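Two complexes, one shared chain (chain A), two partners (chain B, chain C).
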Partner chain A sequence: MTSGVTIPALVAGRLLVSLLPLPDALQHDHQLSSPLTSYSRLQEGIYLFKNGIDPYSGGVFRHSPLFLSLFSTLLPTSRVTSSILWTLCDAVGALALIRIWRARQRVSSSSRDGLIGAVYLLNPYLFLPTLALSTSTFENTLTLLSIMFASEGQISASLLTLAFLIQLSLPSLLLVVPLFMLLVGDPVSRLASPAPISSDLRKTIPMLFEFMVYSIVLVLASTLVSGSWAWIPNTWGLGLTLPDLTPNPGLWWYFFTEMFDHFRPFFLVVFSVHLIIYVFPICIKFQHDPLFAAFILLGILATFKPYPTLSDPGLFISMIALFPEIYPYLRHPIVTTLLHLHASLLLPLFHHLWLTQGTGNANFFYAITLVFGVSNGAALIDCIYAGLRIAIGKGDGFEVVQE
Partner chain B sequence: MLLLPAFLTYLLCIASWILGAATTGQTQEEHVREFFGKNGANTTSSHTNNWAVLVCASRYWFNYRHMANTLGMYRTVKRLGIPDSNIILMLADDTACNSRNKFPGSVYANAGRRLDLYGDNIEVDYRGYEVTVENFIRVLTGRVEESVPRSKRLLTDDRSNVFVYMTGHGGNEFLKFQDNEEISAFDIADAFEQMWQKKRYNEIFFMIDTCQANTMYSKFYSPNILATGSSEIEENSYSHENDNDIGVAVIDAFTHYVLEFMEGINKTSQTSMRDLFNSYDFNKINSHAGVRSDSFPRPLDRTLITDFFGGVAQVEVLPPNTDWYGAPSKELPTLISTRSETENHRLNKIPQPETRSGVSPVRWRGSGSMRAWGSLCLVGLLIGWVAVAKK
Partner chain C sequence: MLAGWRCGACFTLAIWATLGLAAVPRERFQESLIIRPLHDGKVSSQFSFLTSVQDATPRNPETLGLEDDSQHYTVFPLALGQILREYAITEMHLTLNAGKWNYDQWGYPNEAGVGTGAELWAWMGDGGLATVDQRWQGLRNALAGLFCASLGSLDEQRTTSPVLTFAPEGLLPNWTRPHQLRHASLPSEHVCTENLTPFLKLLPCKSQSGIASLLNPHQLFDADWHGMGVHVWLDPIEGVKVRLTFQSVFDPVRNSLGGRRDWSFTSIFGRTIEKHCPVAQTSSIQIELPDDKSYTLSPEPTRVDVNIALFDLVNRTEPFEAAMQWLGEATFEYPLNAGDLSHMPLSVRRTLRGSSQARGQLSVVLTNNWPTEMHVIYLETMPWLLQFYLHTLRIYCNGEPCDHLISNISYTPPVPHARPTMFQSVLTVPPKTTIYLTIDVSKSFLRYTEHPPDAQRGWDLPPAVLVPLRVRENQTIDQGTRYPRIYTPILLVDLATPDFSMPYNVIILSCTLITLIFGSVFNLLTRKFVVVQLDGPTKDKNIN
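Up next, the complex of A and B:
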């Protein structure tokens, strides 16, 4: 499967589909876009900005101010150009994934390139949010670009894209630690032979400073666009205070709709800390393979983020293509796949039943959200198990063959 | 930093309050009269909210017309503006779903079954066996148990006009409750006196449609009560018409003609009680309907129907704010006067200090697009520098 043919063909196919007259309901679907990523809110914010009203004074616009500067100056926001832009963004993400794969395998091209690109471009969890013009596509692409630059050793580019990613989505801060480990190490697969981290961790300190400088410059640029500091509580503060309880495939919103105000700060802290506590155990356990650690943390983000959409688990699932060495050791891939199938088919059904038809209630949708969380969790656990199991090595006379 | 403007606004509040208080006295009465006079030139009313107690004291299928009487009054009173929260409806409520009802779930008040009074939007507060003399008197006097919910209480105050309507089988100074017990005219008179002592009404309009109805209001001794009944002593009140499919009489004559009169009334109507009482016609009702107004202070031709039957709300429309960002306008806002469910406030015109609301609108320093280009240049510089200068 040559990537030279498949990738352009797939991109062209996706372009074609995205330019077809799609129902507008896709843009408002709660699974495909969250308050942080919704295209209609982006348009609203740009309109307000162009008319001289602060878009952050209401509760509508939750995107980063960099979007404001980008879309009000360089890029127009008509549906056609946005579809093309989003599809190209996904194409860049697919290419980044291929280059991560090549860096991991230490080859300049391989036969699996086309397959990996196809896994990213044809994944419905990623395809549908792009059709819905959800800005989570940008987040995914920036994540992959950051990991790609880190795998290829381009430190500054990686830190810059990471800084951009943090501007768009604060929970991605979880990726800072494995990315730094990747920057001082290399992306080559060492899952089969774990060893304490061999590279010098003191090299991360100047990288940290560089990252802070890039972040500060971007924060200043954002403040310049929005004219005040109000964008910080309205974008970054969203995951910490959860003012917007729009339903999404995540686990936070239902919990906090039924929360008494007295306990709200406590549980917000609990949920936020819950995200953070995974960073160091995963990074320490997989210190020999920081790319795998980043992959697992992306999965944890997908499951436990404040405002996830379908594209977050989509990125995680597509990245499984980078680790074929763990496939023989996955214990229940079929169960996980079926759980995912079950959840992904019933999510839109119960959402429709609850909000459109009115014959169901929020518990239907929340139950399937829980199943979705279970399916993500099952995938995560299986991958972690397989990643650790490889290290134990052959036992039954099988040989692990890497392609 | 904020201390100085806060202190100044506080001084302004004190000064304006003193000024307002100093100008009371003569102008206070004028304010009050003007407030109450807003309902129209022809009114002398002094109430601020309306309540209604509608009681049907009969049960069983053959007393269908009493149920229809009460439901007709309920519908009229609701139509003219009294909300369900201000209506106490006491019905045996055994008609609509009676097994003998050929039109289940409906109660009609005319022979052609043109209007369903039961519908799906009525709130019966006391139904079935709860309609007792004890509950009726407890509702009126307010001496209810703690466990009684708000919807079953008569939460009137001294500015409430209360419309009390009773219908059923009655006689000389008594009314039969649910074929079980009776209430006498003395009981009702004492209940009204208790209400007067407890300042639970401004004025009461008492309407009763039974046989020998006028005897029921003969014993009232409290002020501000206007009463009307359907028939004199030794006289029967008659039903108005039967419906052949329902099989029983569907409405009483007195209530029918009162309701017919009410159909011509809407919330803005200036029709007076005198007009209602003048419309009583012995040839139609077949009984001598009576009126007792000796304890009623106001002239009946200056007393509007809507003073008792409706919950008329007055609204003053203020000119819209012209300031774009929503800061309060410079004119002092006048009080919006309403005539439903508000207490009688002191009508000082307290000027509001000019305060900014919580989130002040951001003043754009420079145009938006310039700032967007500026930040874009900054970001572009950063990307370019990383791409070129760094490895």
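Up next, the complex of A and C:
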């Protein structure tokens, strides 16, 4: 069993790297942490909270009150302990990914475990945000845990982690539908043999009720911790109103920097609704394989969510490892990889040229975020294509086209 | 019966007394000019025009819905009086300054308000129909109209309430609800002729006679530093007072051919006082005499008090001009030392470090010049485009961390596009020691419509305000002896700019990418996959 050696070795290696002095320089990088996930803003919020100033009365602290309560009581906030905590969180995420894989294959262990763990632990899009102590690491781990519990049929655990995840990041609401389908169905791959959903969807009603209870309890707990409802517009509302236009690798920030004031509310609604549009078509099309639908929706989130960091596409890319059956049907994997390589090398460079060096302007960074969007979109479209194309299979003498 | 008659007489008398006072408010107008030759060859001048209305009280905001008393003034500026009554202002201070007041060289100014740009603060009673914020908005718009200044920009994005730093100078009447403070500053506002003209119109003699005839815009706005101020407050004995001031720092060395520091009214103001203002009850000129005794002063002063020469203009009929000369000095030698720092309790330097447009570090260096421990109220008000990270606040003294030197922190975090930051605290500076205060800041990214037309120039940040305090043992901060406020120079912050020519391009490019992905995804999801036989008849195999 390779994963028994690989994973601890990788985790140990990452712990070593995270304890190097390097992370301080990364902490303020806009591509690794957004205003919603930045570590220095988290520290600021904890400082204000401990000194009796409501952190939600201003615009600096955007994290969930759950982080506030955890970090101001239980969890340590020193540099070293934080690094260890974040790396362990990634390790949990990697283990969750491995267990999703095992559940999908219906095996208790496989030769691919080590590889899947490595794909998660060594993915630079996930590795660097963890070094920067971005709280997106927690979001990714909760996403994976929620999918893992759903794949293993542990309904309450899955719903609870999902409720936690939505507390931290509202756009994750997109995952509710595929996760419910996963809870009533199973994670086994049926991409090659599509069939209408056979599970009884009425079973989701008590689950929905349970999920609502968890969410309401967490909302009330958050309100209790922060002392008022002010946290809702400051955390959840941020993605809907976009008051903070800090650059990130996503598509929203420059669009709304350059937006005419009288069109801003309209486009904010369009961009928010646009995210929701994908949920049902994808869940209907991939009703035979809800895990794949969840994976595709994570890709949609990584491309289109309001404050993405590199860790969002990172999760999507690492999850590709769960679906080896689609690899032969990918149309242009080399092009997509090269696009990603191109974008990820130029993103930090153009960011530096614009904001630090002063030799480039905002268009440099905007252009490369567009390329990054193209590469995420290309990966997403290719995965959807391969997930559908696999149903026909390969053979000589025929070609598959769309009507 | 007798008692009733007496009562009636008292009542009648009381009515007569009230009417008499109301009909003839005793107004006083006093003017003065203080001239100080400075250590570095410059000459500071301060014009002060004080009008007081005896027994007048500020309007209680509870009466805002009712008909106001009619306003009859003889020398009190009516335009200002109407604004004060309309918005029920108890105390108000407006200053418009240009340049950097060099405390280390020039010492304290005669008027404390020397922050660069516009600064307005007012104490207002609460209650009544209009809220404090509505009246504050009305006040700044009215003053903007009165003084032709962009005070309308002192909006809620700049308004704070730093009560510890800006304590009232006069008395606050004891009304049912407590008074509130509003303070705002606009460092990028400049003062010029268009502000001086309405200022002169508020004076009873305009610039026709008296000391005000020296206010010559050509000379004043050529000065190294110049600023005007309007101060209204309630004196517990003398009633409502208005003080209009104009300060300037001239450089006679720069303007003389031989590099001499001699000055006269003609050389610095370009005018002399032809006749005195008849309504002025006092009209005095005070000239501070330098420590080196090599000067000659003409004409002979009316009186000399220690080192101040006094001239009284009220009974003078002939034109007046004062002049000071250093006859034994061919050219002025600039002093090489910084001068005696002990006349200032504190020296301050404030800088914004870091070359990145995303973040930086604010650094304040405070030196206590005196051999006693000093408490200092330290106030930072920042527009929301600069965000403080309070957890990175560090203080160093003698090369070691001294975080215990800061106390009484009150902090209002900024709200993007809406509210500024206010950070107020008390620093304890040990005797003859320099402390270094640093705090990390992040710079915001603005919408393209929020940038000023000259976006690449950067944004002016308001000055920090420091109030040195002498606090004895068993005294609280509020009870300490206050020294006048000290303003730091303003800062310029370079914010990242978007490409202003790009809005259409960005909308088009971003939307294209989104529709491209959206279209491709739905293309895949909705259209059927069909199998096309490459040889032989076509056989469709549909999925889903």
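Following the convention adopted for this analysis, the second predicted complex is superposed on the first by the 394 of 403 C-alpha atoms of A that agree within 3 Å, B and C clash if a C-alpha of one lies under 4 Å from a C-alpha of the other, contacts with A are read in each partner's own complex, and residues count from 1 in each chain.
Operating definition for what follows: contacts are C-beta pairs under 8 Å (C-beta built on N, C-alpha and C of every residue); 3 or more make two chains touch, one makes a residue touch a chain.
The shown structure was predicted, so the numbers you read here are calculated from the model rather than taken from an experiment.
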Next on the checklist: After the alignment on chain A, I want to confirm one thing: do chain B and chain C clash, or do they fit together?
Outcome noted: clash
Checklist entry - Looking at the overlay, what does A:Met319 touch: chain B (first), chain C (second), both, or neither? => result neither
Checklist entry - In the superposed arrangement, which partner chain does A:Ala157 touch: chain B (first), chain C (second), both, or neither? => result first
Next on the checklist: Output check: A:Ala132 vs chain B and chain C. Expected answer is one of first, second, both, neither. What do you get?
Outcome noted: neither
Item to check | Which of chain B and chain C A:Ser222 touches, first, second, both or neither | outcome: first
Next on the checklist: Contact-wise, after the overlay, does A:Leu70 reach chain B, chain C, both or neither (first, second, both, neither)?
Outcome noted: first
Checklist entry - Which partner reaches more residues of chain A, chain B or chain C? => result C
Checklist entry - In the superposed arrangement, which partner chain does A:Ser57 touch: chain B (first), chain C (second), both, or neither? => result both
Checklist entry - For A:Phe49, is the partner it touches chain B (first), chain C (second), both, or none of the two (neither)? => result first
Next on the checklist: For A:Leu355 in the superposed arrangement: first (chain B), second (chain C), both or neither?
Outcome noted: second
Item to check | 27-35, 99-107, 171-179 or 243-251: stretch of chain B that collides with chain C | outcome: 27-35
Item to check | Common ground on chain A, meaning residues reached by chain C in one complex and by chain B in the other | outcome: 57
Item to check | Residue ranges of chain A in contact with chain C within the complex | outcome: 28, 30, 40, 43-44, 46-48, 51, 53, 55, 57-61, 194, 243-247, 251, 253-261, 274, 277-278, 281-282, 285, 300, 303-304, 354-356, 358, 361-363, 366, 370, 373-374, 377, 380-381, 384-385, 388-389, 391-392, 397-403
Checklist entry - chain A touches which residues of chain C in the complex? => result 355-359, 384, 387-392, 409, 411-417, 419, 421, 440, 442, 444-449, 496-499, 502-503, 506-507, 509-510, 513-514, 516-518, 520-535, 541, 543-544
Checklist entry - Touching chain B in the complex: which residues of chain A? => result 49-50, 52, 54, 57, 65-66, 68-70, 72-74, 154-157, 160, 214, 217-218, 220-222, 224-225, 227-228, 230
Next on the checklist: Taking the touch rule as given, give the residues of chain B at its contact with chain A in the complex, in rising order.
Outcome noted: 359, 361-362, 364-365, 367-369, 371-376, 378-379, 382-383, 386-387, 390-391
